[in-house]
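The structures come next, written out as C-alpha cells.
Same chain, two partners: subunit A is paired with subunit B first, then with subunit C.
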Partner chain A sequence: MKQLFPAQHVLGFLFSLLLTLVALVTVWFDLSFAAGLTILVVTAIVQASLQLFLFMHVKENAESKTLYMNILYALFVGLVTIFGTLFTMHWGYMVK
Partner chain B sequence: MKWDEFFVTGEPMIYAAMVSIVVVSLAIPIALTYFKKWNWLWTNWLTTVDHKKIGVMYVLAALLMLFRGGVDALLMRAQTAIPDNGLLDGQHYNEIFTTHGVIMILFMAMPFIIGLMNVVIPLQIGARDVAFPRLNAISFWLFFAGAMLFNISFVIGGSPDAGWSAYFPLASLEFSPTVGNNYYSLALQIAGIGTLLTGINFLVTILKMRAPGMTLMKMPMFTWSVLITNVIIVFAFPVLTVALALMTLDRQFGTQFFAMQSGGMDMLWANLFWVWGHPEVYIVILPAFGIYSEIISTFARKNLYGYKSMVVSMVAISLLSFVVWAHHFYTMGHGVMVNSVFSITTMAIAIPTGVKIFNWLFTLRKGKISFTTPMLYALAFIPIFTIGGVTGVMLAMASADYQYHNTMFLVAHFHYVLIPGTVFGVIAGFHYWFPKVFGFMLNEKLGKLSFWFIIISFNVTFFPLFILGLNGMTRRMYTYSESTGYGPLNMLSMVGAVGLAIGFIILVYNIYWSVRYSPRNIKGDPWDARSLEWSTHSPVPEYNFALIPTVNKLDAHWFAKKEGKSLTSGKYEPIHMPNNSGLPIIMGAAFFLWGFFMVFSWWIPAIILGVVILGTMAYRSFEKDHGHYISVEEIERTENALRGEQHEN
Partner chain C sequence: MKIDHSVPLEYSTEENKMKILGFWIFLGAEIALFSTLFAVYFTLQTNTNVGPSASDLFHLSPVMIETILLLSSSFTIGLGVHAMRLGLKKPMMTFFGITLVLGAAFLGVEVYEFVTYVGEGATIQTSGFLSALFTLLGTHGLHVTFGLLWGGSILLQIKKRGFTPETANKSFIFSLYWHFLDVVWIFIFSFVYLKGLM
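== the complex of A and B ==
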C-alpha cells in the first residue's frame, strides 16, 4: 500500500499550493516593496525547482546530466543578459 | 503611403536593377516552361525535405547573396576611391553600406554555414536525415522569404539606411520615416525564426541521432563546432527576436521602447542588438573553425592535435561570447567600471582562440601536407586571422578604443576576422565537400587560381583600411576632401576590391567548368579523409547509409581504411524516410507576403496572411504523414549502381 500511494507527489502538490498562498501574502498584506519582491522571488524559485524535479522528472530522465547542463547554461545566459543589461545600461551608465 | 513613393525612382542604377529583376523573373518561368522542368523543380527541390538538397539550396542562395553584397561593396569602394566622388549620393551610400552589412552577415554567412551544416552533419554522425526534416525545410523557406523580402527593398519603398546595426534614435520613425527600416525589422525577424528552428533541429540531431558508439568525445570536430554553434543560436536568437519585435512596435505601433520622446532609451537597442550580435559573431566563426579542423587534419594526414582542448576552448568561447557585448559601444556613455569589466572579458576570448591556433599549428607539424585548394584556404586563414585577432585585442582595450571607435581601423579589423574566418572557411568547406554532394571534384587549377586572386586581393583591399583608420578616416563617410590625404590608400583598396571580384568570378566559373568537364569517376573518398561522411558513396544516395556504421573511436573511417575493416555489418533492411511536402514553401510564401504587407502597414492583407500562416500550422497539426519505406530491392539496386560506376575507371 505504501508503495502505491504517491506520497512524494501529494506532498509536492500540497507544498506548491502552500507556496502559491505565501506568494499571495504580498497582495493581501500591506508589505514594503522590497519585502514583497523578496517573497515573490524566493517562492518563484522554489516553485520552479519543485515543478522541475517532482512533476517534470528531470532526475529520472536518462540524460539528466545533459538537462542540468542545459538549465545551467540557460540560467547563465538569462542572468547575464538581465544583470549585464542593468550593469551596462543602469548602474554603470553615465557615471564617472 | 504615397503611391509615387512605392517604387524607388530617380537613380539610373536602380532603373537598371529593376529592368534586370523583371527580365530574370520573366526568364526563369519561361525557361522552366520551355524545358518542361516545372515538375522536376517542384518534386526534386522545392518540396524536398532531404537535408542534402536543402543544404545545396542554402549554399546556392548564399552564393547569390554573396554577389549582391559584393556589388554593394564594389560600389562603396568605387565611391570612396577618389576624393569628392559623385558616383553615389549620401542617401544611396547609406543604403548600400546598410544592405552590405545585413546581407553579408545574415543572408550570406549564415546560410552558407547552415547549408554546409545541413549537407555534412547527418553524414558525419552516421544519420539518415536531421531530427525534424520538415522543420528543416521550413527553416530554409523562412530564411529565403526573409532574404527576398530584404532584397526587394531597394526597388520597392527604399532600403534601410541606418547601418546594419540600425542604432536608435537614427532608426526610429522620427529620423528614418521611410519604410526602409520596416524591411529591416521584418525581414530579419522572418529569417531569424528560421535560424532559431535550425538551431533546435541540429541540437536535437547531434544529441540524439549519432551512429552507435559515437560518444560526444568521439565526434568529428566540425560536428562539435556545430553543436556549440547551435547552443549559441538557441540562446542568442531569442534576444534578436525580442529586440526586432520592440523595434517594429516602436516604428509602426507608436510604442516608445527605444524612441526618446516619452522616456524610451535609445541605447537599450544597441545593448540588446549586441547581446545577440556578439554571440552571432561566434555563430558564424565556430563552424568555420570546425571546417578548418577537418581540412587541416585531413590534408596533414594526422589526427587533430589537442582534441580535448579544442572542445574545451569552444565551450569556453561559447560562454565568453555572451559576456563581451558592451565592447561594441565603449564610447557611448559607460563608466570606467563597465568598460574595465568588458575589456577583460573581451581579451579573455583571445586565450581559447589562441589555443585553437596552436592546435592547428601542431597538427600541421611533421604532417605530410598536400596543398589542395581547401588546404590552401586553411593555411592562409591562420596568419591572416591572427592579424584580425590581434587587432581585436587592440580594440578590446577600452581606453585605446576611444581612438579606434567607428574608424576604418575597426572596419579593417572585422573584415580581417570575418573574411579569413567565415568566408575562407565556407569556401574551403565548399571545395572540400563538393565531391561528396555531386560526385565530381571542382577543378584544382581554377580553384588555386581563384585562391591566389582572393587571398592577395583581400589583403590589398583591407590592409590599407587599418592605416586609413589610424589616420582618422571614419567608417560610413560617403566622401572626403582631397586635403585629408585619404585618396591614394582608398584607391589601392578599390584595386584590391576589383581583384576580389575577379577571384569570386573565377570561383563561379570553376563551378560551371567542373559541372561540364570534370571527370565523374571519383571514389566515395577522393581526399582520403577521416570522418564518416566519406565512408558512403559520392554522390550520396537519398538514404545516406545503406547500413548504419558502428563507430568505436575518433576518425573511425580512417582507421577502418588502414586496417582494411568495414564499419558496417548485417543485411539491408527497408529504410524509413520522410515524405516530401509542399507546406514549407507555401509557409515561406505566406511569410514573405505577410512581411511585405506589414512593411507598408497594410493591415487588412497582413491580417489575412497571418490567418493563412496559422492555417498552415493547423493543417500540419492534423496532417497524418508517416513517411515512406525504401525497399531492400531498391537499396540493392542503388548500391550496385553506385558501386558499378566506381568500378568503371
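== the complex of A and C ==
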C-alpha cells in the first residue's frame, strides 16, 4: 500500500493545496491591486511548475531539452498574445 | 519493434518516444489556444453592459470545490502513472477511475454554476464580459468532457490488454493531457475568479 503513495507525490499534492490557500489571501484580505496580482502570479506559476516537473515528468524525458524549448516557445507565443492584445486593446497605446 | 527495457514502458519504443514528444508539441499549441481566450477575456472583462460584473457574479465556494476536485484528480492520475510503472494493473485502474470520477464531479459543479449564472440573467449573449467568460470556461470544460471519454476508453483497453508498450504510452499521454487541464484551471482560478473577487 505504501509504495502506491510515493512521498514526493503526496507532499506535492499537499503543497498544491497550500498554494491554493495562499492564493485565497487575495480574496480574504483587502490588499492593493498590485499586491494581490503579484500573489496570484507567483502562486499560479509555482503551481504550474509543480505540475510540470513533479507530475508531468519533464525532467526524465530523454528529450527534455526539446521539451523545454517547446514549452518556452509556447509560453512566449501565449504571453505575446495576451500582453500584445492588452497593449493594443486596453492600455490604449495610441490614445494619450 | 525494439523494446528498450531500461526506460518505463511508455517510452520503450522509438514510436512511443515520438508520440510523447508529439503530444508535448500539441500541448504547446493548446497553450496558444488558451492564451487567445484569456486575451479576449482580459480585454472584455469590464464590458458588462446591463449584466452583472465579475464580483457580482462569482461565488467562492463552488470555485473552491472545483479547484480541489481538479487538483485531487491531478494527484490521483499521477499516482496512477506511478502504479503503472510498478506494473500494478489494479491500483493503476483504480487511480485512473478515481481521476475520471473527480473529473465528472468537477464538470457537474461547473454545469451547476453555469445554470446558476443563466438563472441570474447572465447568459452568453448578455455582455462582452459574459461571452468571453463562457467561451473560456466552456472550452476548458469541453476539454475535460473529452478527457472523460478518452480516459474511459483507455481504462477499457488496459482492462482488456493489460500493460503493453501501446497501452502504457496511451495512459501516460492521457496523464499529460489531464495535468495540462489542471494547469489551465489554475490560471482560470487565479486570474478569472480570484482576480474577479479581489
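We take it that the second predicted complex is superposed on the first by the 81 of 96 C-alpha atoms of A that agree within 3 Å, B and C clash if a C-alpha of one lies under 4 Å from a C-alpha of the other, contacts with A are read in each partner's own complex, and residues count from 1 in each chain.
Throughout what follows, a contact is a pair of C-beta atoms (placed from the backbone, for glycine too) under 8 Å apart; a residue touches a chain by one contact, two chains touch by 3 or more.
Just so it is clear, the structure is predicted and the values come from calculations on it, not from any experiment.
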| item | value |
| --- | --- |
| Touching partner for A:38 - first (subunit B), second (subunit C), both, neither | neither |
| Which of subunit B and subunit C A:24 touches, first, second, both or neither | second |
| When both partners are placed on the shared chain, which of subunit B and subunit C touches more of subunit A | C |
| Touching partner for A:85 - first (subunit B), second (subunit C), both, neither | both |
| Contacts of A:74 with subunit B and subunit C, given as first, second, both or neither | both |
| A:64 touches, of subunit B and subunit C: first, second, both or neither? | neither |
| Where subunit A meets both subunit C and subunit B, residue numbers | 63, 66, 73-74, 77, 81, 84-85, 89 |
| Residue ranges of subunit B touching subunit A (in the complex, touch as defined) | 207, 231, 235-236, 239, 265, 267-268, 271-272, 275, 319, 322-323, 325-326, 333-338, 341-342 |
| Complex contact set, residues of subunit A against subunit B | 63, 66, 73-74, 76-77, 80-81, 84-85, 87-89, 92-96 |
| In the complex, subunit A residues that touch subunit C | 3-6, 9, 12-13, 16-17, 20, 23-24, 26-27, 31, 33, 36-37, 40-41, 43-44, 47-48, 51-52, 54-57, 61-63, 66-67, 70-71, 73-75, 77-79, 81-82, 84-86, 89-90 |
| Interface residues, subunit C side, partner subunit A - complex | 7, 11, 17, 20-21, 24-25, 27-29, 31-32, 34-36, 38-40, 42-43, 60, 64, 67-68, 71-72, 74-75, 77-79, 81-83, 86, 88, 91, 175-176, 179-180, 182-183, 186-187, 189-191, 194-195, 197-198 |
